[in-house]
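Okay, so subunit A shows up in both of these, paired with subunit B first and subunit C after.
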Partner chain A sequence: MTMSDRPLLEVRGLSKDFGGLHALQGIDIDVHAGEIVGIIGPNGSGKTTFFNVLSGIFPASAGTIRFAEHQNITRLPPHRVTRCGIARTFQNQRLFNQMTVLENVCAGMVSRTRAGLLPIMLALPGARAEKAAAEQRAMELLGVFGTRLVPRRDRRAASLSYANRRRLEIARALATGPRLLLLDEPAAGMNPSETRELMSDIVRIRDRGLTIVLIEHDMHLVKGVCSRVIAFDHGEKLTEGTFGEVRNHPAVIEAYLGHRAAVAA
Partner chain B sequence: MPAKWQRFSVPAIVALALAIPAVVPNAYQMGVITRICLYALLALGLNIVVGFAGLLDLGYVAFFGIGSYVYAFLASPHFGLHWPFLLALSASVVTTAIFGVLIGAPTLRLRGDYLAIVTLGFGEITYILLINLDRPINITGGPSGIVSIDPPSFLGITLRDNWQYYYLILALMGAAVALSRRLRDSRIGWAWQAIREDELAAQVMGINTVAAKLQAFAIGASFAGAGGALLASWQRSVFPDNFLFTESVNILAMVILGGVGSIPGVILGAALIVALPEIFRDFALYRLLAFGLLLMILMIFRPEGLLSFKGPPEEADPLEQVTAERQ
Partner chain C sequence: MTFADILAILPQQLVFGITLGTAYGLIAIGYTMVYGVLFMINFAHGDVFMIGAYVGWALLGMLFASHVVPMHPMIVLPLLLVGAMVMTGAIGLLLERLAYRPLYQRGATRLGPLISAVGASIFLQNAVMLIAGAREKVYMTYSVFPRTWRFAVAGINVSVLVIVIASIALLMMLGLHWLVQRTWLGRSIRAVAEDREMAAVMGIDVWRVVALTFCIGSALGGAAGVLIGFYYTQINFYMGYAAGLKAFTAAVLGGIGNVRGAMLGGLILGIVESLAVTFINPAFKDVIAFVVLILVLMFRPGGILGEALPDWKRV
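Coming up: the complex of A and B.
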């Protein structure tokens, strides 16, 4: 793992207001290539809003986002952000339910393929070869999760178990060819053995050359995979550091448990 | 369907379709079957917009009308133009595709009911233009339409009988089936279906939803354009009343009845919606009543359509159960 001096993702003074509500206030975050960064914080602390602004779903009210060689992606619509190399999953799964498992991953590949209407309608060799390659790559991405998804390639996404739907969301995000993967509560609803499996999956995906930022409430997972942890509260960055540093930071304990608990600690 | 069956089913269906004129006894029935194929072509086009991309279009008949009139303009004494059939047909297809984009563009931000209402409006505008554009300059011929349209002719053979039109329309319907399948299983089809399932997630997966929706509108409209040209050349005349709102509803009913998104389903839907009123012709007074009742019964017992792409509701995945037990 090499860490270049320049961060892959550089967020400066990022703010998002909804009317009078300050959902994000002056967030500064650097993420270096190859890191697995965990974002923690109580519900409503702005974690998912941060992902939504990063991925272009909500336009930022202020601040800048620099990503890799792209100087400023703050104003880009979601599909352009994805084409720059940022992919994400959703906290409340948003799979393409009536499409098959394989088609879900293929849908992630649309922006990485080129064939136009006429070559497709005429079934020209170029379009056919591109489609075959896309399907082969999709199979390979299903294979990231061992035998969890591969045997179910032709089932509809809606028929999958909860954990498999989470895995499919990750495979679909990987299909867009990202350098940065944002995972929004990937372990939510998973049992302990599934969470353990997910942790090794996340590390394996990082080892494929990706950088990962994840939001998670499961502290066991955060402790296990994250090289660095950032704590959010009330739309602000409270602190960052190793899991141990952040876990014992008085402001973090106060945010989770209240003022008196923080004093007692 | 097992793969080895599928290999035989396509040639079998094609052979059956080609043999139909040999076994159908009279021109009236041949005419009904030909109309089924024409409406199947239209329904396949609407299926791209509604079934694949999930955009509810209630003004689809507008494209059918535009296609018909473009053909009528280019191949009739109305403007004194007599373009060859294939050229006039291509012009209808291209023109309707352009109108598909023009009408699609302002509706891109609309969803569901709102999109339906706006497209309904476009359908009505088209009808009103067709009926009123005979003054101050006579463009559409007004309520009396355009007559004496040229029949199709290739290599010196001019089509006259219903069975000849049947082969022509069947060929274009077959092409529509092939194009629908290729598009559905392509990167463009993946994008359409993703938009249908979850537009925001589709955007976040890097799909340019604006471009994909416009492509759906253009392709869907162009099928109707081909259908319109075929109608004009078969009927030898076009009237605004061929393109009433009820036609949009009929075509949509074909798509929904057979199963939204399913290609065989849409063809079956076209067959039923065209044939049933003919079968009930003896009870002309009660025809619409019986037809409506039949549709209601179907929607109660099979709301997903006769041959839906969703298939029957799925039981628990046996593979999932094995995994669950292991944990």
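Coming up: the complex of A and C.
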């Protein structure tokens, strides 16, 4: 096996308990560079908890996470995980609403900024050049969404339309310079045409060299963009495979529709 | 008092009010910034201000005795301000590290850090009393700003000292405003204030930002200590209590968590106070601040520039 065959993300035996509740139990997942992996499952099946543990918001109860050249990122705090190259969005919108569109994206680049407090205070040329470069890069990231965000760069995030706020969340996550992007229900609340646009956006982001794992209830989107699908239920991984394989798997049908439906199928 | 009398005193009192107000604003910034990132009232902040005044006093005494530098404001003031700000900035960092962070990292509720702040306040007051003694200290204001340095503008008698205090305070506030609105650090502070968890996910080291916020807020408070020392010429180890409460009032008046609000609240409070001293009764000077605080809390709890806070951010 050559190095390039090694998965970008290797999750082994990942568990998370909240008191007596087993929110995640022994999850094993490999994600290879360039994949778009979809995670599906009923509400409360542990999908978002999985993202929260991956991104360091909840410490894992057991198991290991290896990411790229970082042997073990399991117990790192969120900002360190982000610096390793994992970015995420949330199910509910959490933009910095008081900031402008451009500032939101720049906030994602803070950890990549090198200028210290003193050079900034003295407005030294190095700090200024860095700021200009960052703003240029932020504009480029807004450009990922065509003309949706670029003309609105100086508007407050709170004043954007719903779909644009969701796009901005992705642009802001991209600003941290990730190799792996975790999207938690990116299409939630979008209408069908916005969802179609989002699908081509997701593919375009992958084509920029990123790897994507997304949680989604919109099966049309999962079918359309995901090269591989993983199904969760009760904090465990039920099965994985292509969209067709997973959708017709009896355990998945049972998880979604109940035992009788599974038998009938 | 006739109308003509009032007209005659009013501009003079406005000058005093603005001077005092800019100093209140400078202290209020420390309360409001810390509240912004931690949702906690740092009741030790008034004592950090007091320490700034003491450091300035000690440095002034040393400079005066050493005869090394001429006692000119352009030389003396920067030295005193830098000395006081370095010292109080360091104390702010220590406070955050020793008195508050350990509590938060052990999952403290709202009340714990607040009690810790009151404890830190008592500790700082007593430490200064033990080190410097309990007697009032006198700022040698007139060795730097001679009594003759005053001029009349449109019938108002203004001293150079008052102009210098107000300008330095305003400059510092403008500098801070620029820092918060235009720089990486400011962006991080605003991000942490708005959504700490999200800021962390954006790669921002939240506790580092909190520490820097304490450091900056405390340094500004320390600078205000030097300015107020020059203004009142007498300082004592418990001066931080009243000044702190007034600056806290100013922060609430402007809208706590809002830096511009703290500056505005300070100015308004300073002006209201000096007008009340003239037109009501000087004995009510300290009462006015609290009347203002009560009125704000009754009629506009969010403050002038404050917005309706979500439940979890309320005091």
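Quick note on the criterion: the second predicted complex is superposed on the first by the 262 of 265 C-alpha atoms of A that agree within 3 Å, B and C clash if a C-alpha of one lies under 4 Å from a C-alpha of the other, contacts with A are read in each partner's own complex, and residues count from 1 in each chain.
Heads up, the rule we're going with is that a residue touches a chain if its C-beta (ideal position, glycine included) is under 8 Å from a C-beta of that chain, and two chains touch if they have at least 3 such contacts.
As the structure is a computational prediction, the values presented were derived from the model and not from experiment.
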| item | value |
| --- | --- |
| Fit or clash between subunit C and subunit B when superposed on subunit A | clash |
| First (subunit B), second (subunit C), both or neither touched by A:216 | neither |
| Touched partner set for A:155, first subunit B, second subunit C, both or neither | first |
| Partner chain(s) touched by A:201 [first = subunit B, second = subunit C, both, neither] | neither |
| Contacts of A:35 with subunit B and subunit C, given as first, second, both or neither | neither |
| Which of subunit B and subunit C A:78 touches, first, second, both or neither | both |
| Touching partner for A:55 - first (subunit B), second (subunit C), both, neither | both |
| Partner chain(s) touched by A:164 [first = subunit B, second = subunit C, both, neither] | first |
| First (subunit B), second (subunit C), both or neither touched by A:233 | neither |
| Contacts of A:185 with subunit B and subunit C, given as first, second, both or neither | neither |
| Which partner, subunit B or subunit C, touches more subunit A residues | B |
| Subunit A residues contacted in one complex by subunit B, in the other by subunit C | 55-57, 77-79, 82-83, 87-88, 90, 94, 96-99, 103, 106-108, 110-113, 115, 117, 120-121, 131, 172, 175-176 |
| Contacting residues of subunit A [partner subunit B, same complex] | 55-57, 77-79, 82-83, 87-88, 90, 94-99, 103, 106-113, 115, 117, 120-121, 123, 127, 130-131, 134, 148, 151-152, 155-156, 158-161, 164, 172-173, 175-176, 191, 193-194 |
| Contact footprint of subunit A on subunit B as seen in their complex | 179, 182-183, 185-188, 190-191, 193-194, 196-198, 200-209, 215, 219, 309-310, 314, 317, 319-320, 323-324, 327 |
| Residues of subunit A touching subunit C in the complex | 55-57, 77-79, 82-83, 87-88, 90, 94, 96-99, 103, 106-108, 110-113, 115, 117, 120-121, 131, 172, 175-176 |
| Subunit C - residues contacting subunit A, complex | 179, 183-185, 187-188, 190-191, 194-195, 197-206, 212 |
